[in-house]
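So, here's a batch of structures to check.
In the two assemblies presented below, chain A is common to both, partnered first by chain B and then by chain C.
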Partner chain A sequence: MTGRDDIIEIIDLSKAYGGADALCGISLSVRRGEFLTLLGPSGCGKTTLLRCLAGFERPGAGTVLLDGRDVTRLPPNRRAVNTVFQNYALFPHMSVAQNVAFGLDLQRLPRAETARRVNEALDLVRLTGYGERRPAQLSGGQQQRVALARALVLRPLVLLLDEPLSALDLKLRKQMQLELKELQRELGLTFVFVTHDQEEALSMSDRVAVMRDGRIVQIGSPAEVYERPADLFVARFVGETNVLDAVVREAGPGRLVVDVEGVRRTVACGDSGCLFAPGERACIVLRPEDMRAATAADLAGDEELRAALGPEQSLRGRVVLTTYKGMTYDISVALPSGRSIRITRFFDEDDPSVHFRVGDEVAVSWVAGWEVVLPSDRARPGDLAEAGPAAGERSRDDDEDGEDGR
Partner chain B sequence: MSRLLKAFYAAAVYLFLYLPLAVLVVFSFNDSRLTLAWKGFTLSWYVKLLHNRTLLDAALNSLTVAALSACAATVAGTLAAVALSRWRFPGRKSLSAVMYVVMMSPDIVMALSLLVLFVSLGLPLGFGTLLLAHVTFCIPFVTVTVLSRLSGFDWGLMEAAMDLGASESQAFWRVILPLAAPAVAAGWLMSFTLSLDDVIISFFTTGPTYEVLPLRIYSMVRLGVKPEVNALCTVMIGLTLAAVAVSHLLLRERRRA
Partner chain C sequence: MNAAPGRRGRARPAFRLTPFRLAACYGAFAWMILLVALPHLLLAAASLAARGDPGYLDFSRLSLDAYARLLSPEFATVFASSTALAGGATLICLLLGYPFAWILARAPRKWRGFLLLLTILPFWTNSLIRTYALIALLGAKGLINAALLGLGLISAPLELLYTDFAVFLGLTYTLLPFMILPLYGSIEKLDPRLAEAARDLGAGRTATFLRVSLPLTLPGVAAGCMFVFLPAMGMFYIPDVLGGARTLLLGSFIKAQFLTARDWPFGAAASVTLMLLMAVLYAFFVRSGGLGAAHGARRRAA
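After this line comes the complex of A and B, so read on.
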């Protein structure tokens, strides 16, 4: 049943804490050599899942196969996986070299062999010559590397990383993201990485599993998850999103005619078109960078723009906020329905200045076919409330996010 | 002015604390049977002490019991502290409360209850019962000391150790114990001194076959203070000072490392 390419096979894993389900029937395969990220807001079960893989938690039901062997009931010291902890968990009473040698000492390797492998591991994380220092004498980034070396030196089948970068400042985090990814590629090692930072997940992973309430909501490549979110939760959690309410007027194969914000448009909806009946409500999900906006003056001066943003296909709105972001700028537009949407523009050579001003009347549209249509009834009432804190966390971690209008 | 006042105050405090000890040390060198007047320097009391077999035997007995009970109490007390801080189990709260009860209860109550227990169990009073009694009253001191060190201990370190291949006991020996070591050592020293100078509990729980120093001195003093006792106490003060100095050095070494 296990494919040769799967290093970890999780079958129907469940875990409950005091009556509350932390994991509900998770099934997941991790391919040999891939970088898989478990992404989700706090409390979604991603860390619990990782701890089940490491052996710190006993699942209530289900099976974990590691390289084809059932390890569900094995304690952590008898699994060929190693963990990089969120707070690094370095042993403060040992030097860096002793920390890295800890696992090797337990295996009673010859002294020379241990020393060689410790040095190798320290070289690998670019901490050559730091062996004699104490963890407390190192910076956060260096401690992070020691934790990495300590886990890698044992040559695990899978490396588990529990939000390892969350304690680092933005610049260092970006750098460590690159280094981790490079290391993973170089070693050909399987990484299972837990994070609540969607940007981190998108930039590092081969596949992303988006989790919520103890379930995997969607699993796929970063591009799939970003461009084809399975539901509104994923759409809102992964990246910036505008969600517009629409009513279906006609449903055809692969396309729908909808009324959205007082405009009738034809939208592409892939294979899910048949799921909608005329009269039904739907949600149109649009990424800020896929949207266009233009003032009346812009339209008057540009034939091409007029074709794309004609009155029959554009929403009308008023600019309420412009945000300068260096490489891009964002404008927030209030639609007549009261909904606020966000549009991201890139500066280009032709148009180096922010020419939208607060109060401008603008026409708003998007490239046909770049929208995602999702049924609105799948969105539960809790959606907005739950996406809130997670979004807040992201903007705190990441200055680029700024204020979002959700 | 205020400097002078502070110096005076500090001197008064030190005088208050150390004058009795100083008097004892001085009189141990006093060439007089009647200890109240200075009659000249002598070491004869120390020589006498060397020949006083019963006193030396009692001192050896005391040191033996103190060392053994400190070791046993340190092992049991440390394990209790680890269990109390690591796990949540039924009866955890009451167990830690009981520790304080044993610590706070008057010696005479402990002494009587231990005596009643030993007698009703039919145990002959002597070395065994004395050791058991001392271990009993020392355990809570070790537990409380180690517990305070382990409060805020990052149990993630334990998980990290097991993740790297350590069994529970290997993780204990390699991670928890080294990190708790200063508190464990402090607990041992505390137990040792508590056991060494205990009078009341020892009085009730030992028998004629095994006499310890405090009881020996007590019975000697009833017939008048002998200067050999002063000499013996001076030796013990010296040993205590040495022990304090060594532990201080050890702790400083650790901090620098």
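After this line comes the complex of A and C, so read on.
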């Protein structure tokens, strides 16, 4: 694990607040030049972890190595990392240029050198000519850029970003996501980015570390985390998910035969197949966009569709809701078991019209092999309630005071 | 709210003058004119009059004589010693009050109300009585001397009461809350993340305080200094009670002109001068952008 490629190495880091564990034995390596995102719901410890990297928090136990050096006990001003704060934390009594020059002034650089680097940094974030303004005269997006310039001008080894986009409106946030990613690639700088927005995490990161209750649940590329979630928490938190209960009938190498919603199907289960025994409960995790649905009329007229959605492999259900989303079209289908699943369809030239109506009886299936089989979490019924709203609705900024019990 | 913190606030609904509002406005204006503006004009007029027998004032011979007499070395001494004492008390109040207000503002939220209450608790007792209580502490047979004698640290009682030191102590003691409250206000509004940002950018504790925390709490410092310095200049009962007859401060000087010397024009002129001084200080405070900076800091934190 250790290597010169790791700019940050976190070894067994723990931190408790008033008896409650905020971080429990976190170990994590950040590679030089990568964009790593810490993703998780409020209170999962992601901000605390970032603050331990910045030096604002002293961990109770564990070590933080920065570029091979132990910085665990160093104060923030003696670490070669810089932070972009959630609400930017620009100094209101200074101009934009003075804000950006703040760190350089402390290093007592020659005045000309400081001025040159401040201008460079402002150019970099496309705020050329804004140096004399006050932070209060700038828009939210511009303030965000000043905060970025102020941190980047010091050429940190790692840039830490604490939910930097959460105060921006949706359109601006999308734009800043692109800009940040571009900037990171251009500078070849290591970014550690904290967010509770899974879409943001997936679209920007090289790797995503999903956190829960002070632990890292899964770490991997966005595709790995989305397509191969390590457990139901990750599956539900990252992206929209349908989870079906199943009972294992036969377990073979790489495949399982399961009963799901009254239908017997063979599912792929990767390496974890051997973990299941016949008779055991399992969960089938399906992404809405991997699902297919068809009415009886559709099936009657289409040979190919009948092959994919035949009665022996399809679930039966009734459409309870249709949602037009512009690029996609979502339908919710109630299964006989009472469970509701969501199916997303993309408009394309083969299927330019949508024809599902509430009340339609439909056959439902999915692309074979695209399912993920996970151990049932019946022992933890709270999962769904916890992950549901965070994954589904992410327009609002979380209460930051509540975050991590600060 | 969080979309564009930089923009000016939302438009206010148009102000409508209801009969109640009209009455309240007129009431306030009448109050200010009758009880503030008129007396001050009378005072200014008195400062231009000459001493006379009926009612101590003679308005038939207006002159700037009283102001000319303020230039005398005698008054200059009074003015200088007043300024020194008030300035010293202000400085000590600031040095004591700033850390105090800081601790107060950074205390756990549930404690803050109680600690603030303790700060203003002395106001529940009449300040004249509290000043007399200081006599019991400072006197030759007071608590301090008794304790020091008892411990064998001194052999004869220290002369504490009826000195400039006693006046200074009295001023500091009485006016300290007036320093703490505005400081508390501006420190509480200070976003702790700004200090974190400064630390993150390489500033040590001292640099963080001098470059970020102090500049952003300067409005509180200015307001607190004004609230302490101006009353300290004019307060007469503390020098009267604790300083005895030996210390003559501006406040007691003015009081003496009116009540003892019966020289109303001179007392009025000194009074007007003191007021002008306050006005100049206030203008300086406003010009320093104090209120504006405080406003900015608060909006950043919101």
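Heads up, the rule we're going with is that the second predicted complex is superposed on the first by the 385 of 406 C-alpha atoms of A that agree within 3 Å, B and C clash if a C-alpha of one lies under 4 Å from a C-alpha of the other, contacts with A are read in each partner's own complex, and residues count from 1 in each chain.
The rule is simple: contacts are C-beta pairs under 8 Å (C-beta built on N, C-alpha and C of every residue); 3 or more make two chains touch, one makes a residue touch a chain.
Every value quoted in this text rests on a predicted model; they were computed, and no experiment measured them.
Superimposing the complexes on chain A yields a three-chain arrangement in which chain B and chain C clash. When the shared chain is aligned, chain B and chain C each come close enough to touch A:102.
Taking chain A as the reference chain, the count of touched residues is higher for C when chain B and chain C are set side by side. By the touch criterion defined above, A:167 lies against chain C but remains apart from chain B after alignment on the C-alpha atoms of chain A. Contacts of A:184 after superposition on the shared chain: neither chain B nor chain C is touched. In the superposed model, A:47 lies in contact with neither chain B nor chain C.
In the superposition on chain A, A:136 makes contact with chain C only, not with chain B.
Once the two complexes are laid over each other on the shared chain, residue contacts for A:150 go to chain B and to chain C alike. Of the two partner chains placed by superposition, chain B and chain C are both touched by A:93.
In the superposition on the C-alpha atoms of chain A, the part of chain A touched by chain B in one complex and by chain C in the other spans residues 54-56, 75-77, 82-83, 85, 87, 89-93, 102-103, 106-107, 150-151, 154. On chain B, the positions that touch chain A within their shared complex are 154, 156-157, 159-167, 170, 174-175, 178-179.
Touching chain C in their complex are the following residues of chain A: 54-56, 75-77, 82-83, 85, 87, 89-93, 102-103, 106-107, 134-140, 142-143, 150-151, 154, 167-169, 397. Of all residues in chain A, only 54-56, 75-77, 82-83, 85, 87, 89-93, 102-103, 106-107, 150-151, 154 touch chain B in the complex they form.
Residue ranges on chain C touching chain A, taken from their complex, read 2-7, 191, 193-194, 196-204, 207, 211-212, 215-216, 293, 296-297, 299-300.
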